[in-house]
Structures are given as C-alpha cells and as structure tokens.
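What follows is a set of structures for review.
Consider the two complexes below, in which chain A is the common component and chain B and chain C are the respective partners.
What follows is the complex of A and B.
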C-alpha cells in the first residue's frame, strides 16, 4: 500500500512538470496555431538562470523571479523574431520548423554560455523527506505540486476573469471573429508566448532542486509535455493539465513493471492517442477547443 | 653595438634556437584523431578527457613533439571531434577522421555505447582505436577486435572487485539498478555472470534512462525487495540523481557504485547523499594517500598537479583514461611513425607502461592490459575521497 502511494507521489510530481509544459503548448497552439517545440527550452532557461544567479550569491526567491522573467522575455523574443513575421504566411509545418530551429538555437546558446556541467539548486525548504502514510515525499515535491496548483489557478483566473484572457480565448475560438470585435491576434500571440515562457520557467525553477539544471534538460521534458498536451487534445487547457498528470502517473506505475521502457511508453501513448483518438482522450466540455 | 642591444639580440637568438626544439630536425606533423563525448549526457566524462588531451598535446609540442623512427622530431596535431554522446554521431565523426583527416590512430570515445558503435568502422578501415570506455565487449573477443584497444578497467574487473567487497562485508542479497545503455547493460551482464561465484543473489534488477530526472519509483520497488545492499551502475548526472533519490526515500541500504562516478561532478550533484558511497576505481582519486612505493604515485601526483594548474580543478579518472590513451598512441608512434598497421603492432608490444589508470601490459590476447593492481576501493566521506577499509 505504501508502495502504491510512493508511485503515486512520484507520478504526481513528475506529472505536475509535464502539466506545466503541456499548458504552455496548448496556450500557444490555441492562439497562434503553432506547436512550439521550444517549450521545453523555457523550462531549461528557468532552471539554468535560477541556478546561475543562486551560485552568484543571489537569494533564491529573487533568483527564481528573475529566471521566470528571463524565460518570459525569451518567449516574447521568440514570438517577435520567429513567429510574428511568419504567422499567416507559413503553413503549420513551417511554424513547427521555426520553433524546432529556435529550440536548437536556445540549447546551443545555453551550451556556450553555461557549459556542459549540470548545476545544483538548493531545495526551497531543506530537510528530510516527509512521511505520508509510509510513502517518503521529498519536501521539494510538495513545492512542485503546490506551485503547479497555484500557477494553474492563476492561469485559469487570467483566462476566465480578465479582459486579456477573454481576448485570448476569442482568438482561440475564432480568429476572424476576434479580429472583427477589435482583438489584435498578433498582440495576443505575444501574450501567449510570454505566458508560456513564464509558466515553463516556473516548472524549471521548482524542478531544478530535484534534478539539477543542465543545458540539455529541455528536450525530453518538452517532448513529454507535448505528449501530455496531445493526450488532452492539444486545444484544451484543463485537458493538457490532466494529460500531463496522467502521463506522469503512467510512467511512475509502469516503472516497477519494466523500468527500461519508461521513455518509450510516453511515445507509445502518443502514437496510440494520435491513431485512436486524435482529438484527445477526454469527452465533453473538457475536450472542446478552449483554453 | 650598444651592450643592451647585444643582450636583447642574444636572448632573441637564444629563443629562436630553443624554438627549434632540441637536437633533431623537424619532420612532418603526426596526426592523432580524438573523439570524445564532450556534450550531451556523458559530457562529465568527455570534457575532462578532451581537456587532458589538449593539455598533453601542448606539453608534447613544447618539447618538440614525437621523435619518430626516422630520428626526426614530429609535431603532433590532435584532431578533435565531439560525438554529442550519440552513437550515430560517433560513427559520422569516426568516418570523417578516417576518410578526410586521414589520421593513423584514433583515441576515444568516452562511453561504451559510442565506442561499440565505431568498432566495426575502425576494424574495416584497419585504423587502431584506443577507447576510453569501460565495457569488456570493446576488446573481447580479441579475435574480432584486432584493431581495438582500451584504457579503463573493464567492467568485469571492476565487478569482481565490487563483489569481493560485498562478500567480505557479508552482503548476500544485492539490489541492482543501472543506466539503460551499453555501459549499464554490460555491467549487468557481468553481475549475472559473476554473482554466484561470490555467493551473492540479485534480489532486484532495475533500470533507468541516462536523462531521467527521478528514480524514486524503481527505488521503491527495491525497498520492498529485502536487499541488504544497493549496487548502482551509471555515470553522473543520473548516478547522482539515483543516489539522492535513495537518500530522500530514506532507503537504509549501504550504497555502492562503479568506476563511472570517478569525478567531482558526482559529489557536487549528489551533495550530502554522496557520503558513505563506496566504489571500485583507479588510484587517481586517492593519489596523495598512496604509499611512496606505489609505482603509479609519481604519475598520479604529477597529472593532478598539471591538470590543476591548467584548468583550476581536480582531474577525474576519465581524464586519466584519455591520458593513458594519448601516451600509448605516442609511444607506439615513436616506434612506428604514422603507419596504422605498425602502430597497432607496437601497442601490442607495450609492457609495464605506468599510466594514470594502472600499469599496462598489452599483448596479442589482452587489449586492455590491466589487472587487479589497477583497482582500489574508495569511499566518499565528508564530500571527498578516502580509501575504503
């Protein structure tokens, strides 16, 4: 029983990060129609900038805020320099090419700037693991889950209760209609990429104390987040979050069966969902194109 | 002439003479190809290896280079490639070294997987390869590995030492967790082959990916297995992550690793959880505590000092593997010149070569040339390496 709880705790922690990455994918896709494969690099930027600043002697909270701001800026720059000139002129495939190129470029710059050695980030609240009915839960895991929950609540509030959020949702629902009522889709594209940069970086900052920060951590996290987003249908924010969590749990519970095939599992799921339920595995309002 | 002018011209003349490099006249430059896993998951191995060879190349050329069989001094040019820790990339750069750069000998790569990927390529091209990777499959069976040598202790040698330690400590139920690549799989095969000989039963057999970020799930299964020791087989950062996870999980088992963690990176990343970890490895990490009678002591202390001066940090056992590979290539070229077939024959004749990893005795049947003297047990204590009891 305590083993099952342990797997669940591991899965939820992992799934929370996937959920944040998946949320970034969905936000950008819904508003701009682009699948942003640089999403994982935002996670890396958050973790690496925070690690660098902490090593330079900056207090962790300030370093975390600056890291998130830095990645948000990178998201904005990606929109202005990469996507904005191409939107409406290139096919979705062309946009994907641009984001893959941007991901490679960001990773390359990180390699030159920070080298290949991974960096450590101190735990937010150091101390022994907490005992949860026999399952050992790392304190940082609690931070990851709590932070994810707060970020999700804030994003929900932004989408549902603010004018910007309404404009974002309008773009997602119908681009032409949104333009007719005076919403500038390009500005919303900028907002969505900045937001996804910040959300990804938050994931990176809370994850780094557990896994270390390294220039190449973004690739796999980005792909896993993408699988999470596809499970949720690629156009639904709640679906993406559920998809990310589901993937994390699936990986954790599959590990004891055959730990060698954990990464393969994510991609088998991706192919299965694409073949059997290309609209995502959820039904009803959960799955409808909404963010 | 003004006396000061005279002094200046004299010293310039002196410098020019010195630049000619000793007695012999300069000959054509000798090339050595080098492939290291300098980026990607194995960069903690490849970077110190590349840096070590760069340092040695400069050191050798400052002395005039290699004195070839023709009696001339030949400058050395090492052609470096990074295979990004990827098998496919490894094959590409190996082909480039052979076909475009036309090097007579190749040193590296850093990992078992990236080395095994190019064994066929170098065998077919008949270019000697001196690998810096662990798996015994790289040089066995020798009949199919005529052109391939390696400098690190084979995993079979390391595994024997680890199991002998387990036996001495009274461990009988071993929990195994290894990285899901050629290094981990080769170690796993050796464990399964050797465990019965030491009265050890493998009660858990788990794996993880080289870029995985959390191994708690596997460790949870190990916790329920009733094991009395945990044997990990991986390199950092993954080796650090799994150690940290075991610590956070409160797993109360003595933790053992392999020679895959012979660098400061492992300790830096694992933090306090690294303390108490025991692993079989070369003597470099505990060089200063070796007795003066140890044949390797001078080499180890000198390499440590030179690397520290050049790069401001301590060397790693991996850099030591590259140190050995470089000097073995150089020694062979002193006798053979830039002739691949002759270099291969000369490497097989190298005996009693005191390297960083151990004392090498190559032969036609042993392309690794190391024995038990090249392994010692090390324990991490207070964030540093101590000889284990």
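What follows is the complex of A and C.
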C-alpha cells in the first residue's frame, strides 16, 4: 500500500510537469495551428537559467522569476522570428520544421552557454521527506504539485475571466470570426507563445531540484508533454492537464517493472492513442475543443 | 530520367572513380559520408518532398540496417556481401510493417509518431543488451572487399558506397519521372483529389515509406561496413533531424537535392569541426546544433526549394523542377 502511494506521489509530480508542457502545446496549437516542438526547451531554459543564477549567488525567488521571464522572452522571440512570417503561408510540415529548427538552435545555444555538465539546484525547503500514510514524499514534490495547481488556476483565470483570455479563446474557436470582432490573431499568437514559455519554465524551475538541470533535458520533457496533450485530445486545456498527469502516473507505476523501457512506454501510448482514439481518450465536454 | 540527369549521373560516376587519384584520405572520407547520408536523404526527399509525408524517425531505419548487417556479420559470420542487402531488407520490412498503421496519421501527428518510433528503437538498442551489447556497442565488423586490384581501404569503401549511391540516385531519378512518381506527387498535392482520381493513397504512401526505409537501411548497413563499430548513440533523434535538414537544405523538390544537401552538411560540419577551435578557442562541435537548427528554420522560411532550387533559379532554367507542377516547387507551402 505504501509502495503504491509512493509511486502515485512520484507520478503526480512528474505528471504535473508534463501537464504544464501539455498546456503550452495546446494553447499554442489552438491559437496558431502550429505544434511547437520547442515547448520542452522552455522547461530546460527555466531550469538552467534558475540553476545558473542560484549558483551565482542570487536568492532563489529572484532567480526563478528571471528564469521564467527569460523563457517567456524566448517564446516571444520564437513567435516573432519563426512563426509570424510563416503562419498562413507555410504548410503544417513547414511549421513543424521551423519549430524543430528553433528547438535545436535553443538546445545548441544552451550547450554553448552551459556545457554538458548537469547543474544541481538545492531543494526549495530542504529537510527530511514527509511521511504520507507510510510513503516518503520528497518535500520538493509538494512544491511541484502546489506550484502546478497555482499555475493552472492562474491560467484558468486568464482564459476565462480576462479580455486577453477571451481573445485567445476566440482565436482558438474561429480565427476568421475573431478577426471580424477586432481580435488580432498575430498578437494572440505572440501572447500564446509567451505564455507557454513562462508556463514551461515554471515547470523547469520547480523540477530542477529533484532532477539535474542539463542542456538536453528539454527534448524528452517536450515529447512527454506532447503525449499528454494528445491523450487529452490536443484541443482541450483541461484534457491536456489530465493527459499529462495520467502519463506521469503510468510511467511511475511502470518504473518498478522496467525502468529501462519506461521512456519507450510513453511513445507506445502516443501511437496507440493517435491511432485508436485520435480525439483523445476523454469523452464529452471535457475533450471538446477549448482552451 | 531526363537526358540531363543521365549525363549528370555519368559525370558524377566518373568524378568518383577518379577521386582516389587526386583526393587525400580525408577528402575521400568526406565523399564516403556524402554517399552514405545521400542515400538516406534521397529516401526522405521522395517521402517528404514528393508525397509530403514527414518522418522524424529515419535514424531508426538507418540504425536498423547498420545493426542487422553488423550483427549478422559478427555473430553469424555471414559475408558482408549478404549482410548489407540483409540490413536494407530488414529496414524495408520494418518500414512496411510500422508504416501501415502510422501513415494513417497526418501532419503533426505523423511527425510525432515517427519521432516516437525512433526513440523506441534507440531504447531497445540500449536495453536489449543480450543482442545488441547495449550502450557500449560492439566492433570488429568485417568489411566487404571489392574484387578489384585497388590499394587502400578508403578507396574500396568509396567505390562500394558510391556504387550503391549512384544506383539509388538513378533509380530515384527514374522513379520521379515515371507513373509512381506522378502518383506520389499527386498525393503530395492533395490526398483527397488523388483518392477521387482512383489512386489508393494509403498503398502509395506505404510504398514510398517502405522504399525510403530501405534506402536508409542500405545506407546504415554500408555505414556499419565502413566504420566497423556500432553503438546506439549515433542513431537518435538528432540524426533523424540531420537527415531532414540535409533534405530541406538540398531541396525537397528534386532528387538531386538529397545529394547536394548531404554534401553541403557534411562539408559544413567538417569545416566547423576543424576551424571552430581557431575562431573560438575551447569550443568544439557545439555550434553544429545551432547551425542545424538555424539552417533548417531559415531555409524553410526563406528558400523552401533548397540549394537545388536556388541553383536552378540562378541558372534561369529550373530544369530539375520543370516537369513538376507548379505547386510541387514549393513543397512546404500551404496548399
């Protein structure tokens, strides 16, 4: 029993990060129609910038804020340099290649800036693991889950209760109609990429203390986040979050069976979901196209 | 093949045949790499440029050809002359089997699915230690020797690789001008319209995917024969990406683009690797990643027809593009 709880706690922590990445994928896809292959690189940027600044002696909260701002800026730059000139002009294939190119360039720049050695980040609140009904739960896990919950609440508020959120949802629902009522889809594209950069980086900052931060961590996290988004149907923000959490749990419970093949599992799930339930595994309003 | 293509292939064959007389060992190794990657890249040009189906997992087919060929030669002691075709056939068979379900997907989904397959393949290489020796890899793969009185392993490898590369080039040039090529181009333009014209689009997509898998497997088997050592590390996502960059930089609208792109990237990478430490002391191959990324994005944005398209436009007689309908000249543009 305590073993199961242990795996569940690990799974929810991991799944929270996937959920944040998945949320970024869905937001950008809904507004611009592009799958942003650089999504995982935002997580890497968040983790690496925070690690670098903490090592330079900066207090953690300030380092975290700067890291998130840096990744948001990277998202904005990707939109302005890569996507804005291409949207509406290039096929999905062309858009894929642009974001792949951007992701690779970001990874290369991180390699030049920070080298191949992984960085460590101290836990936010060091101390012994918490005891949860017999399962030892890492304190950082609590930070990850709590931070994710707060971010999701803020994003929900942004989407549902602000004018910008309404404009974003309008673009996702119908681009032409959104333009007719005065929404500028290009500006909303910029907003969606900046937002997804910030959300991904927050995941990176809280994740860094329990894994190492390294220049190449973004690829796998990005892909896992995409799997989460596909499980949720690729068009629904709540679906993406649920999909990310589900994948995290699945991986955590598969780890004791075979840790080596754990990474392959996500892609088997991905291909199975895409072929068998291309609209995502959830039914009803939960999966309906909305962000 | 047009008459121009025949002449060009003939000239290329003559240049390769004479290369060992004038080129250094290092230059020969660049030509060998160009041939190896060119074979795989031409497969991607047919898949991505003609039929517009993307693959981000072609490193897996390359690696599969390499591992099947290398393992058969070292474990079973079979002659390289048999293991190289076996590697190509194994990749072809796997491409056929995975292609049928995966090619039902479109656009982003297909990209992610092929990417996922590539990662699953690399995980298997690392984990199935009994068969593959895991992450540490294995060496001492016997090489094929040509029945020719030529000195030097580099020359023999050059001839073997380019024998295959020229055959692949000629076959592909013929293919794009024949009815299969027209069918694939029609599918690239519009799958719905092709289906209405009576083309079995699923079958055609599977055929071109299988062929490009076979090309990649052949290239991989020749690679194993050339480097004589294999480990899972080179056959990851970055390599799949490199192959795609080669295809895009060379030009997706022409089979020649595969060769041009492979040559350009090999030379560029080698030049960077050699001269970067002089410009930027302490740096090694790290800028490669940035270069690949920026080259891919910039080429797609600014020159979707690649270097071949650029050259053709520069010469003012877009020969390699002329036979294709107007839309196929811009394989990445929204239809």
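To be clear about the criterion, the second predicted complex is superposed on the first by the 291 of 291 C-alpha atoms of A that agree within 3 Å, B and C clash if a C-alpha of one lies under 4 Å from a C-alpha of the other, contacts with A are read in each partner's own complex, and residues count from 1 in each chain.
In this text, a contact is a pair of C-beta atoms (placed from the backbone, for glycine too) under 8 Å apart; a residue touches a chain by one contact, two chains touch by 3 or more.
Here the structure is a predicted model, which is why all the values come from computation and not from measurement.
Colleague: Is this a clash or a fit when chain B and chain C both end up on chain A?
Modeller: Taken together on chain A, chain C would clash with chain B, as the superposition shows.
Colleague: Check the residue A:267 against both partner chains and state whether it touches chain B (first), chain C (second), both, or neither.
Modeller: Only chain C; A:267 stays clear of chain B.
Colleague: For A:161, is the partner it touches chain B (first), chain C (second), both, or none of the two (neither)?
Modeller: A:161: touches no partner chain.
Colleague: Regarding the shared-chain residue A:90, is it in contact with chain B (first), chain C (second), both, or neither?
Modeller: Second partner only, chain C.
Colleague: On the A-aligned overlay, A:111 touches which partner chain: chain B = first, chain C = second, or both, or neither?
Modeller: Both: A:111 reaches chain B and chain C.
Colleague: Which chain A residues come up in both lists, the one for chain B and the one for chain C?
Modeller: 111, 260, 263
Colleague: Of all residues in chain A, which touch chain C in the complex?
Modeller: 35, 82, 85-86, 88-94, 96-98, 100-109, 111-112, 219, 223, 226-227, 230, 258, 260-261, 263-264, 266-268, 270-271, 274-275, 278
Colleague: Would you tell me which residues of chain A are touching chain B in their complex?
Modeller: 3, 6-7, 9-11, 13-14, 111, 115-118, 120, 128-129, 136, 138, 207, 210-212, 214, 216-217, 220-221, 251-253, 255-256, 259-260, 262-263
Colleague: Of all residues in chain B, which touch chain A in the complex?
Modeller: Touching chain A from chain B are residues 38-41, 43-44, 46-47, 180, 206-209, 211-214, 216-218, 220-221, 223-224, 236-237, 240-241, 244, 248-250, 265, 268-269, 271.
Colleague: Okay, in this complex, where on chain C does chain A touch?
Modeller: 48, 52, 54, 56, 101-102, 104-105, 107-109, 111-113, 115-117, 119-120, 123-124, 126-127, 237-238, 241, 244-245, 248, 283, 286-298, 300-301, 304, 331-335
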